[in-house]
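So that we are looking at the same thing, I have put the structure below in structure tokens.
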């Protein structure tokens, strides 16, 4: 018997769907949904580098991200005001994507991954990372043949998922209802090879025990494995990481 | 033989498509495309009125709009910085939608129509109005039965289209390529009953003749009639304007 | 019998007066009044071009405008906060002045026309254009002899006037009282040769008919012809457009 | 033989002229010139008090000032950006005007004196105070008869003048040329009764001696006496300070 | 043999010193140093609650934090510009302190803990939490006797420490030199009772293994136990948590 | 019998203490207290000049200052918002320090003196100058030997003190209680050689007499002499002004 309001098992992800044909002028464009949470991730490539990289003789590339909630993503409507939370989230997305990119192999260009939340029902920051990686790969694949060696640019894949403690029990991939009543709210960013990029666990209200931390880490690892498999299936022939087969 | 780069006749609109099932938390949600230009219009209703209306004893309602370009809507990527152009456009969208709404019948509530440009290929401000009206109607129809009398709230329908003079010839519904080389850039906002809400004609570069003004007004009127018919077809049973049949 | 509160005929302008000796450090300086509306227009010339023009090898010139309301221009006092309306207006003034200037003949310099509203009684944006053109000409005439060929720099003259529909009747050059109760508010920017630079008609409240649009266009054209004659008289020997004689 | 570039004696003011009929919607409006420096001072009265005074049961009035340089006031053109200097100056103007006003007698209303510099040739802050006082008096005199008792509201008159040390000699009322090369730049704000409101002396570059301080205080006092006489003459029957006759 | 540049063992904290007599007007004031990192933590109490709590009939209290780097805290000098990093850090400090406070027992008052970095040598965010708790306790103890029941307001103590992976080895409490070359940068916030408030582990550059995560958690727990003992010793009779003896 | 609430004579300074070993990364660091007022002054040197000095072929140096109040410096807590007062004060501090520096001898480098108010009890701007000079000297002395010739860089010492009129009597070095009830608030900045850098006298409320101005100048001069002697004693062997011995 499920303890979750939507009938999921504690270790069950929400259904994931991805549309890579969404109208956009960006070379990487992904409309990704996990349950009701939907994000538009677009990846654009600019053939220049940030000012602070320009002084170098052979400047290497850069990957950055912006996170934004569209007003209709929540009810009541969300105002367009940028706040500290959005800044914090886009720093996380940028760090996560950069952790699997070799800037030297990328060469003197900047990839900007924009994550605009179309509908928010919990887990927008982690879905931005999972979808952002797909948009990043598609944008890089769309570069003229011979521009970069994608096998060298991408060192690994990256995905993210939330975990939490709800009503005393650790669960995977919280929606908004669970998030609102969670005692602990955690986010895990990991690579397809099973390495950690970011571990964040936050007590909402009261502090939590070591047991709850460990159980969340176990669930999160499970979720990332499934998300990685889905990313690979979605990207199909665009999946650039042949040598990862055995290590997953 | 067409003079237009995409083979359209001078008085031909781009193909229009509308998706009213787009993921969103807003009661009115429309993803509208005219050719490659695509806008996400969401309409949210707040059961309160702006501060400057609060002092009144029986405050009437209000309709406002916000216009925003998503970074992936153009290539190269558009920065998120709000500029004077966006402010000017959202004032036009708001005025246009307000021109067909009876604020007393609407009662003490505010409808905010958000127009986020997903892909920009010319005519984003006019498509925002055409799509914004559909989102507005859907949001009002979604109010609990008996909250408002929609026949009284909506006095007419409203739509908008651009015209211009390209290579010396007046044309309807310019895309970005035409817009970039147009000698005149005009926008027409009209109601389903054939009344004018806004007429804007701007010389891009050199001033234009009275003949070019008149020919554009004729083309624009034609375009609005077609857009109104499409709005009605799309809204189907949600179309609130029964008494408009004869006058269209 | 006049329908207007101040006794004017429907096609009658307010009395215009111009002071070109107003204290200022700018080479073009015009204190212009239409009835009670008074604007200080100053035109300054900077021997450089905007950053976005600098990359060109032979950068051409530029004309820009700023619009600002002084606090004492209205009662009650107007706060100095810049709003979207001001931004929209100064974009219109800039576009209008640029439409009669040849940037190549102007050479690598920027003319900034500042329009500071000293007293506001309706029609500030159109009077800014009419007065701004005079300040622009005076500033260009003040350049050292031989710097530019003014006959080539100025292609035409430009002026602007408002029209509207008040109590169901089209009228020319509305003051604040008329503006406040107008059903339609329009602005027409035209050149001395009778070409259109900008046509703007906005329904205030309810949409308007084609007849009202046409009647306003007729009145506006009439007003522009008179304003052009006045500009020419005021500028006297500074009027640079000899070849325009016949076409006016 | 004069040491000054414009032939003035060390203790000579620039010629002062005042226009109290300048177009404006403000009840107090003064275009004041000292030599080429010209300021538009308008005084507006709002029948309310600042938020921080509202909690009081019998809130007393307030006087505030804003200082702004119009772009055409200098050549090259001055950008509209507000800077720390402007903030500092408007605080000084406000303090100076408040020093001669009885807020209890003024009652719960706010007078805002706006000083917009039309032409800047040195001494704009002191001329703003001298002209601002005239605008303040005119605005108070324009209140409906019986609203306030002006004899009680105004305790004294106030005027200001600059002094400085140029080429080693103390001089009165510096213009821009003198200001630019002055070793010391001072401003004196005094009342008609000869009391001090503000004394400011600043070394430009190197520190100065006690002798130079004293000589400037003497010149400044002299200048204030003349400016007070001029204010009185200009205000004529509006001069509210009958009991000051003997003390001037 | 130590692997660390300053000779510390991998599980060794930097020397901690605390000055609670630092000049300040705030009731809680702590100058805390860990090695060269020095923070001024002041805690102020305001007898009101944030606006979003005011609507409640019996509003409960709130604890918030601000984090700021003084310009002299680094060489070269740090500009005063607030950036996203500072916002992120002050949100973490606020969350951490709130996790051990009972807002109902606190009553309708707001405690603001300001953390101004006087000298930055790594670990400023964690030291802000450790020192901020001491300032918070001192400020609460300084309330007039009987105002609150401190045993009920404070549920636990809280402290924080950084860990990382440097040259492939997990270490505790990194200074700036270690931080700059760390492969992983983690922060652990825990309570005196051994519960988790926040777990953050970030790959700097490349992702990290599960072994490195676990070793860091072990070191961090050790560090927190020592910091808690130091906080208790420092607070002496102000330490409010008698019942915690056995559980530590 | 003293007229002052803390028992001081009218011409008595508050006790001064200085700590030059305060933790900081800046080469000049001074924690200075006058009574309860305490300021952290740090001086940092950047080997570059401001943009507006860069065009020169042999750019000379610059000295600038920033003034900031830490939130815990007052009770109730002071918000971090920068206001016009802070801008005005930091301009004064910068001007004062620059008045005793030879920019050519300083060479192409910028000294920034940061004055962060740790505790505010009146006289923060003057104490910032007195302490800022000490930090400036220490920072310059810390430059590698031979970089500059300090005897040429520093032309004089500088210190500042407040005076005022309280209960009708002129007093020296007001604390907050006196400042709050003062009729006149003055600040005097003078050099060790007895020259004036800045004289500021402001009527708080009502204007003041020439007698009160003169008495304040006398007290201020006295205070500066004592502060200069203290600066010299504190700086000891770092005092760079040998030739000043006789003139002090």
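Order of writing sets the labels: A, B, C, D, E and F. Residues in every chain begin at 1.
Criterion: a residue touches a chain if its C-beta (ideal position, glycine included) is under 8 Å from a C-beta of that chain, and two chains touch if they have at least 3 such contacts.
None of the values given here were measured: they were computed from a predicted structure.
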Chain E and chain C - chains in contact with each: none
Option reproducing the contacts of D-F, where over half of them reappear, out of A-E, C-D or A-B: A-E
Rotation, 0 to 180 degrees and nearest 5, that superposes chain D on copy chain E via CA atoms: 120
Distance from chain F to chain B - Cα centre to Cα centre, in angstrom: 61
Intercentroid distance (Cα basis), chain C paired with chain B, Å: 29
CA centroid of chain C to CA centroid of chain F, Å: 53
Junction residues of chain B, two or more chains touched: none
Round-the-ring chain order [start: chain D; next: chain F]: D, F, E, A, B, C
Contacting residues of chain A [partner chain E, same complex]: 84-85, 87-88, 91, 95, 99-100, 155-156, 186, 190-191, 193-203, 205-210, 212-213, 217
Chain C residues within the chain D interface of the complex: 22-27, 29, 33, 36, 38, 40, 42, 44, 46, 66, 68, 70-77, 80, 112, 114, 116, 118-120
